[in-house]
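Next, two complexes with chain A in common: one pairs it with chain B, the other with chain C.
Our next item is the complex of A and B:
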């Protein structure tokens, strides 16, 4: 009893400590800039959450570390890019409805296309190496090469510039604080996805089975559920989330390029190590930590921005080797 | 109670056959071939190709100590290779001058720095899970590239550092003619690197055949059982990782000596060097050490003659657009090959051959 209270307090203390840490940059940054940076950091964190949650769920349930997630992310960005190209009129139209429609179509197209790709990947390649971490990493790494090269074959090897839907671009100016509209949309998108995932995991039967699978796979199988079907489904959902992240990120950074998956996969790995492999909430917290600290440090000491996340990851590994949250929570 | 035990008899039998077996002659003739390359094919392109095969063969063998003998996949092996290359470039190039003492110091610094870094990473990650090692080395390797590119005042940035090697290794040095070939500094460097790589390779062979190497294989095959038998898995894995990384750094320093140039892409790159190394080790065979040479030879020769192949294909089939596109994207073919080899021949060329020989013996 005492131990559990201590543990709960421990978590709240950690939260409070983290909160203070994230107010620290205020000493060096103007409050208005700080707010802008915070919004940017939250937006980046939410996009990273989309990628990291897929990696995390797939690992938690299937015990597969998917190195091909970055390539799926890039595929999502490219499919969205193609949809935008096709419906250029709607993208450039000065109407919220049309912009929203094209954004939704691109999201659905990217998620469906990459989800199917995920199913193929799981069935053809990943299924053969269940239970062997080394071969999983090797084979998904090989799949990354193939997928990235296929992007080069289909869309050409060069960087492409993406367009932001007209009404999504620009800024709001609230009390002299500049807030980019698209960043707010990203934050909303991430929050909605998190809510939906939590609802599915906590309230539906499938979600219960998935959570049970994270705790004990053999037992779920013994209860008569087809765990392999579940694996394929979760892999497809994870791929779809990566595609969503890729699409949102390509609009965020205004470009798509074949190798874009690599960088964000690294961020996703750092996020899941901080948050704990197998935990969706952990992915969210980890992603926000990474997004915020990256933006603050990039403003203060530009060259150290890439290093600060690795540093945080190392500190977390030292004090809590399994990450902030437990798997399945 | 006297008389040799069956195991001792087996060992004696092995020793007696050691110098008569076919594989022994194969190894000797391979070494002789590499020794004769500068005289048989004096063109720089061929010598460079042979050197690349030797250097990458040794690098892949050092990677194999981690992957094949310890069961740990590191994406930071390219980083350690680059660390060695940059140590050498700093000491005889940017912050020093070309002298023999600096050359030796370069090797020492490369070994020390990589040993410290490898120990730190393994201490951090191995106590959690072995797969964390893959993720974290990938992150740190990427960080190393970013830092090397951004801190251009310190490291030369994307332009890299070019330098010249000291004394008898320098390009301008000439020792006179021998068998109709001028012995330049480049050829002396070739032999120096060949012999150094040979020494490193023998050291790796000794390492894997030592009792320590046997324990490592036991840990790889069944970590729990190895631990239950009283082996400290954590300590042994750390030692093996450190050894592999130090060898990689030394090979990196040798590579810098050959190229006389380092830059982030060619010396540190995750997607350039690591990809090559992974392909080589998978094609050659994990856990064999010799497989590295086969893999390196296959990949380097293919890469060297790929432009010729492309123009040949264009010449033979001028209409086939598809073929041209595929040959332009040769990495796609390598990726598919990679997946197929992992699925169907997880032991690679050498491993499959060994298996075939053992099966034949039993029948």
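Our next item is the complex of A and C:
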């Protein structure tokens, strides 16, 4: 009991310390610019959360290091890109309803298609290497090459420009603070996805079984639950989240390209190491830390932007080697 | 090989089972039978293969050779979840509590079907272990050792369990809690067949009917527990129990 209270205190102190740290840039940045950067950082954080949560859940339950997650992310972006191409009239229409409809269709299509791809990947490739991290890294890296080459076969090797639904483009100007509409949508999307995942994990039986599986897979099996079916389902959900991240990021960055997964996979691993492998809340907090610090530092010291996240990761690893949150949260 | 007793009334029959863990040959032809109307106790020193035997029956470790029959069906090739669904409950040595989940959530994970019969069994479990009712919404990780053991046993019998495999339920528990666990097992044996792995001879002799002693991955002695209680030479040779230790119980 005392250990649990101490752990909670420790966690709350760390969070309070992080909160104070994120107010520090106010000493060097104008408040209005700070607000704009904060919204940009939160949006980037939420996009990273979509990618990192899949990596984290897959590792937490299945103990699988999935390096193919970046390729699944790219597939999600390309499936969404194709839906936008097919329904270009709705994308360009000056109608909130049609813009939202095409975004929802692209989202469902990307998640379902990449979820199915995830099922095939888990059944054919990953299942053979359970329990062996080295083989997992090698085989999922191999799968990445195949999946990226398949993108080149189906969509071509060149970068493509993504068309943004009209409602999502442009800015709001609230009291001289410039707020990009799409960034607000990204923040909302990330918050909704987090809430839905938490709701499933905490309030449904399947979610409770997944949390139990993160703690003790053998025991879950010995209670009559087919852990392999659960693994396949979790892998599909993780792949679906990667796809959603890919789609959202492609609208954010206005482009798709076959290798786009690699860059974000690196960020995703930094996020899950900071947040704690296997923890969805950890992924959210880690992603927000990375998103915010990247944006503040990019404004103040542009050359140090990429390095600051690695530095934060090293500090977190030194203080709490298991990350900020425990698995299963 | 030890002769399997009471074949006609056996619910579980283990015949010449071998199990390897990595390079190590742990079980080297274990054979025993659990009768439908008895508590079967597996005894032996540390490392004799008792826990490995239960894990092999449960399918958590693959049997490399031999046959395991439960209610007339061979199960040695089945997966653990299939074995559990056949009505076999398992309480491992480490209890397997999901410490980040509440007591209620631990129970929910264990319930394969949530019908009236399960609700009645849950009530029976909560009547048997009042502490679980009291800490129903608490994190299982915050329970005491004895309460965790109660939760582990409760989870294993909340389904329609015909056979319960329990691995060292007295380990690390205070004597008063051990008595409570003995009382619980005596109640459980009215509904389910129990196979118990135990090092605590006081507990084994309090609940056991038949015994099998394992040594170096093989069954070396078997019989009635009451005979073993009288046979000090056997206790001393295979279980390392002296008269003084036993009286300290």
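Everything below uses one rule, namely that the second predicted complex is superposed on the first by the 323 of 329 C-alpha atoms of A that agree within 3 Å, B and C clash if a C-alpha of one lies under 4 Å from a C-alpha of the other, contacts with A are read in each partner's own complex, and residues count from 1 in each chain.
By our rule, a residue touches a chain if its C-beta (ideal position, glycine included) is under 8 Å from a C-beta of that chain, and two chains touch if they have at least 3 such contacts.
Please read these numbers as outputs of a predicted model, since none were measured by experiment.
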Check whether A:150 is in contact with chain B, with chain C, with both or with neither, and answer first, second, both or neither. first
Does the superposition put A:101 against chain B (first), chain C (second), both, or neither? neither
Quick one: classify A:219 as touching chain B (first), chain C (second), both or neither. second
Quick check for you: in the superposed arrangement, does A:208 touch first (chain B), second (chain C), both or neither? second
By the touch definition at the top of the document, which applies to A:137: first (chain B), second (chain C), both, or neither? first
Quick one: classify A:269 as touching chain B (first), chain C (second), both or neither. first
Tell me which partner A:18 touches in the superposition: chain B (first), chain C (second), both or neither. neither
Report, in rising order, the residues of chain A that make contact with chain B in one complex and with chain C in the other. none
Contact set on chain C toward chain A in their complex: 58-60, 79-81, 84-85, 90, 92, 96, 98-101, 105-106, 108-110, 112, 139, 141-142, 155, 159
As the complex stands, chain A meets chain C at residues 1, 4, 205, 208-209, 211-212, 215-216, 218-228, 326, 328-329
Which chain A residues qualify as touching chain B in the complex? 65, 125, 128-129, 133-135, 137-139, 141-146, 149-150, 152-153, 259, 262-263, 266, 269-270, 273, 303, 306-307, 309-310, 313-314, 317-318, 321-322
In the complex, chain B touches chain A at residues 67, 71, 73, 124-125, 127-128, 130-132, 134-136, 138-140, 142-143, 146-147, 150-151, 270-271, 275, 278, 282, 325, 329, 331-332, 334-336, 338-339, 342-343, 346
